[in-house]
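In the two assemblies presented below, chain A is common to both, partnered first by chain B and then by chain C.
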Partner chain A sequence: MRAAVRLAAWAYAIAVYGFIFLPVVVLVLFSLQATSFPIPPFTGPSLRWYQSVLSDARLTSALVNSILVAVLSSLASVTLGFLSAWGFARFVLPGSALLRGLITLPLTVSYLIIGMGLLVLFNWAGVPKSLLAAGIGHVVINLPLCFAIIYSQMGDHQINIERAARDLGAAEWKVLLLITVPVMAPAIFAGFFLSMTFSWDEFVISFLLTRFETTLPVEIWNLLRSGLNPKTNAVGSLVFAVSIVLVVFFELTLLRRKPA
Partner chain B sequence: MAFTGNSRALPWALVTPALAWTLLFFVLPFIAMGFSSLTAHEGGGFTLANYSQFFTDPSYWRAMVNSLEVTAIVTVISILLAYPFAWILAEQVPERWQRLALMLAVLPFWTSYVVRSYSWLLVLAQNGVINRALTGIGLIGEPLQLANTRFATVTGFVHFFVMLLTLTIFANLKQLSPSYRKAAADLGAGPVRTFIHVVLPLTLPGIMVGAFLTFVLCIGDYITPQILGGNNELVMPQLVMMQIGRRGDFPLASALSIILMAVVTIAYLACARWLKIERA
Partner chain C sequence: MSAPLVDIRNVSHRFGQLAVLKSVSLAIEPGSYTILLGPSGSGKTTLLSILGGFVTPSEGKVLIRGQDCTAVPPAKRPTTTVFQDYALFPHMSVGGNVGFGLRMQGVDGATRAAKARDALALVGLAAAFDKKPHQLSGGQRQRVALARALVIEPAVLLLDEPLGALDLKLRRQMQDELKAIQKRVGTAFIHVTHDQEEAMALADHCVVMNDGRIEDEGPPERVYARPATRFSATFMGESTILAGTVTEARNGIVTASTPVGPISVPGPSPAGAKIALAIRPEHLVLGEAKGDVALGTATVGDVVFQGSFKRVLAASALDPALQFIAKAPASATVQAGDTTAVSCNAQDIILLAV
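Up next is the complex of A and B:
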């Protein structure tokens, strides 16, 4: 009986793993296709599609744009999120619960609607479509996330360290930079990292708010118009590789520090 | 707390930038969208036509029904697939392999969302992997129509949400104190009874949170239905994007967005109430 349950459990787990990995394996395998269609039979391995991706100026500039938007919007999100989290955690403010609710509200709204709202607003205000507009949208979605992560990690034991610094005569800005930021570093880094991955992968806001200069997900979307294409496989596999490196880096740096 | 003279100004200086950003780029756009939804596309002026169009045009209704149906199907299938999987990871896999097993299980979660949907297209296409395999072994004569169907949309969604729910349910199961199970065993309950009467009810609130998250993300997503479902059967986000893309009809797109958001809000209120009752 017990052995049968174990066997069934293993069979089930393997089936689910198979389901989860099937599309990724197909994606990477046919990115190495030698011929022009990413469908069976497999004709590779060949790196010609990777070469074609790296020599495609539109894709490489979209890649640079994506990194730029991700880094800058995440920096803005984490800065605003950290300052407000500190303010709400350390001081008693009138209507604090309501205001905190307001900051986290965008988490409950889908990206499509946030993008639509900004599109309508910018259209009325005469703000042209640009990477900056998309970056603003990315801060809207990531600021509440950074705020929530950092706010939830601001415990009482850190107040005492800050108080000690103040008692020893440190000015507020010194307390902030020399005490709070280092103590909160893991939460700040987690907020920054999550913002980076969300911004890096975000499609619909960038699609609505950019025109000529755009981000990588939008450029990949444009590639999809040509149907199934090994070049799309290659750029998709590269994006996947970047994400994996980020995740492994995150695991090794941030999660290692915590005692298991 | 004894702060110096600037203590009243300082806290506001800290929280104002974030509040201002939220008001300017989240609340204000929403108000703009509300106004836009009440103006006529041709010539401006106040009108309720954008809303009445949704309620009177059956094809618009159909998109909402499709959205709700797809979301419901995806939520149910994803939970049914993810729960046993998370349970196996948490209970059957040896402790020291669990971290690796979980990381592997959600690895494709980190692929780009657009690319993930495209990958399913490779699998499901007319001449894709599944059809080639099935015709190759002679199981079917003609390739099946798998892509550009609701089946494809659901498959793409389920793939994403199984990973998401596995993460949340796994965390839930691990938080469960082992003493519950020991107590149940001491009282003579077998593993099946323990699961049904102890483990399942205790993880139900976590499942509800996961289900709500799935609902919100699924009903608001444009990418997966557009790439995998195609234009045969539209869902609400596709309808919204269509108003902007083809016709530049911002007022109608705004009205449809607000209706979609209202549906999510209703679901949230229903869910929140249900959760509170559970906890009390």
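Up next is the complex of A and C:
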């Protein structure tokens, strides 16, 4: 009886992890396929599809665009998120709880709604579809995230540290730059890397808000329209690898706590 | 007579509806060590925050070196604060911490490092220059905070319960060092505490606060020996308090009826006035060796051995609500349940208006 339960537990664990990771394993495996179709039998390993991805000008320029959008939008998100977190943590504002709720609200709204909303707004305001528009969209989704992470780490124990700096003659911007930012660095980096991850993977908003120059997920979607081939697997594997690196950075910066 | 270094004029402060300071006036002399002593909620910390510029008072003025600093921000006033939790910058080295104030003044790196080293040497931490705050013990962090505040040569150094987080032994040791450092640098120190022993050991000028007001101020010897109010008689050291009414006042001698009989002491109170008589524990005499004022007999309730003496609580036989607090020699044989005569000398009785 007990053995049966153990067996069932193992089977369940394998099923769960298989369900989560099998698609990724299959994706990566068939990106190494030597022949032209990503279906069994496996004929590799071969790096020809990776070579093909990297020599495809459209894909590489989309890759550069994605990096650009991810880095710049994350920088904007983390800067704005930090400033708003600082404002909420340090000043008594009328309706503070309500305003904090509003700033984190986009976290619960679907990307499709945000994307469509921005599309209508940009249309009306005369902002053309572009990487800039997509970047703004990514700031909209990532700012609340950065705010929430940084605000949660901004405790009262830093108030006296900031006071001490002011007391020793530091102007307000110096207090922020020399004291608050370095003390909050783990949360700031965590917000930055998580924003990078989300921006890097993001499809719907980029799809709606870009036209000629676009990001990698949208380019992959274009590629998929002409049917599956190992090249899509290869570029997918590359995207996945970058995401893994970013998540590892996020975990390292947020979870590594030094005693104060 | 020179103008005081710090002049606090009729300062009141309210947090919402709550009045935490009620028209406080206080003058601080250059080079003095002032202690603000009081229980929590007495307004002492608020007064210190007002001096540091972290709080702008609802009413009144603060003058430092003759200049109106009431609404001057902390960065621009000649005060520095040693915070209760030290508030060291965790990401900077000890040298970086101590040099921070000079860096804000635009002092170059080499001068800064030299001055920071001098300040660390002053507090006995010359070797810690390159360490990080988290590598130091509580007492060492306290010294770094002190060096950091002193290095920019403030007119007034403010200390917010600086010894509160240290254990007793370290506290007494740091207490002696604080006093020595203050004498060496000659800066005026204003130090907030609720520990009356700390106050007596450190203060040149002791300010007793209660409920947003200054109850008493002066040299600690005077405040202890001749407290101005009932509050300071019980907060700065212990006292036995006898409530009474003046029955006769003649030639500067007041006779009052008390629960233990009539007592005559020198004083100005008029007949009919309600008064309180305070007697310090070391002035109460238990047993046969009589003082010149008899206070009746009492039943010993509690004897606590405190090393060099025994603290005795005894209830008066004439009024069981009256508790005598006495200090008996360590060799005394007094025990709980004993009945003993209580007396004192008239000159040791402190007359307080109620």
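Note that in this section the second predicted complex is superposed on the first by the 242 of 260 C-alpha atoms of A that agree within 3 Å, B and C clash if a C-alpha of one lies under 4 Å from a C-alpha of the other, contacts with A are read in each partner's own complex, and residues count from 1 in each chain.
Rule of thumb we're sticking to: contacts are C-beta pairs under 8 Å (C-beta built on N, C-alpha and C of every residue); 3 or more make two chains touch, one makes a residue touch a chain.
Just so we're clear, the structure is a prediction, and the values are computed from it rather than from any experiment.
Trainee: Looking at the overlay, does A:T35 come into contact with chain B only (first), chain C only (second), both, or neither?
Mentor: It touches nothing on chain B or chain C.
Trainee: Return the chain, chain B or chain C, that is in touch with more residues of chain A.
Mentor: The partner making contact with more of chain A's residues is B.
Trainee: Which partner does A:A164 contact after superposing on A: first (chain B), second (chain C), both, neither?
Mentor: second
Trainee: Where does A:S61 make contact in the superposed view: on chain B (first), on chain C (second), on both, or on neither?
Mentor: A:S61 sits against neither chain B nor chain C.
Trainee: Could you say whether A:S130 touches chain B, chain C, both of them, or neither, answering first, second, both or neither?
Mentor: neither
Trainee: Touching A:I179, do we find chain B (first), chain C (second), both, or neither?
Mentor: In the superposition, A:I179 contacts chain C only.
Trainee: Considering only the contact definition stated at the top, list the common interface residues of chain A for chain B and chain C.
Mentor: 166
Trainee: Touching chain A in the complex: which residues of chain B?
Mentor: Spelled out, the residues of chain B in touch with chain A are 3-4, 6-7, 10-15, 17-19, 21-23, 25-30, 32-33, 36, 81, 84-85, 88-89, 92-93, 103-105, 107-108, 110-116, 118-123, 125, 127-129, 132-133, 159, 162-163, 216-217, 219-223, 227, 237, 240-241, 244, 250, 253-254, 257, 260-261, 264, 268.
Trainee: Going by the contact rule at the top, pick out the chain A residues touching chain B in the complex.
Mentor: Per the touch definition, chain A meets chain B at residues 6, 9-10, 12-13, 16-17, 19-24, 26-27, 30, 37-41, 80-81, 83-84, 86-88, 90-91, 93, 99, 102-103, 105-106, 108-114, 116-121, 123-124, 136-137, 139-140, 143-144, 147, 166, 172, 197, 200-201, 203-204, 208, 216-217, 220-221, 224, 228, 232-233, 235-236, 239-240, 243-244, 246-247, 251.
Trainee: Okay, in this complex, where on chain C does chain A touch?
Mentor: Result: residues 52-54, 73-76, 79-81, 83, 85, 87-91, 100-101, 104-105, 134, 148-149, 152 of chain C touch chain A.
Trainee: Residues of chain A touching chain C in their complex?
Mentor: 157, 160-161, 163-171, 174, 179, 182-183, 185, 258-260
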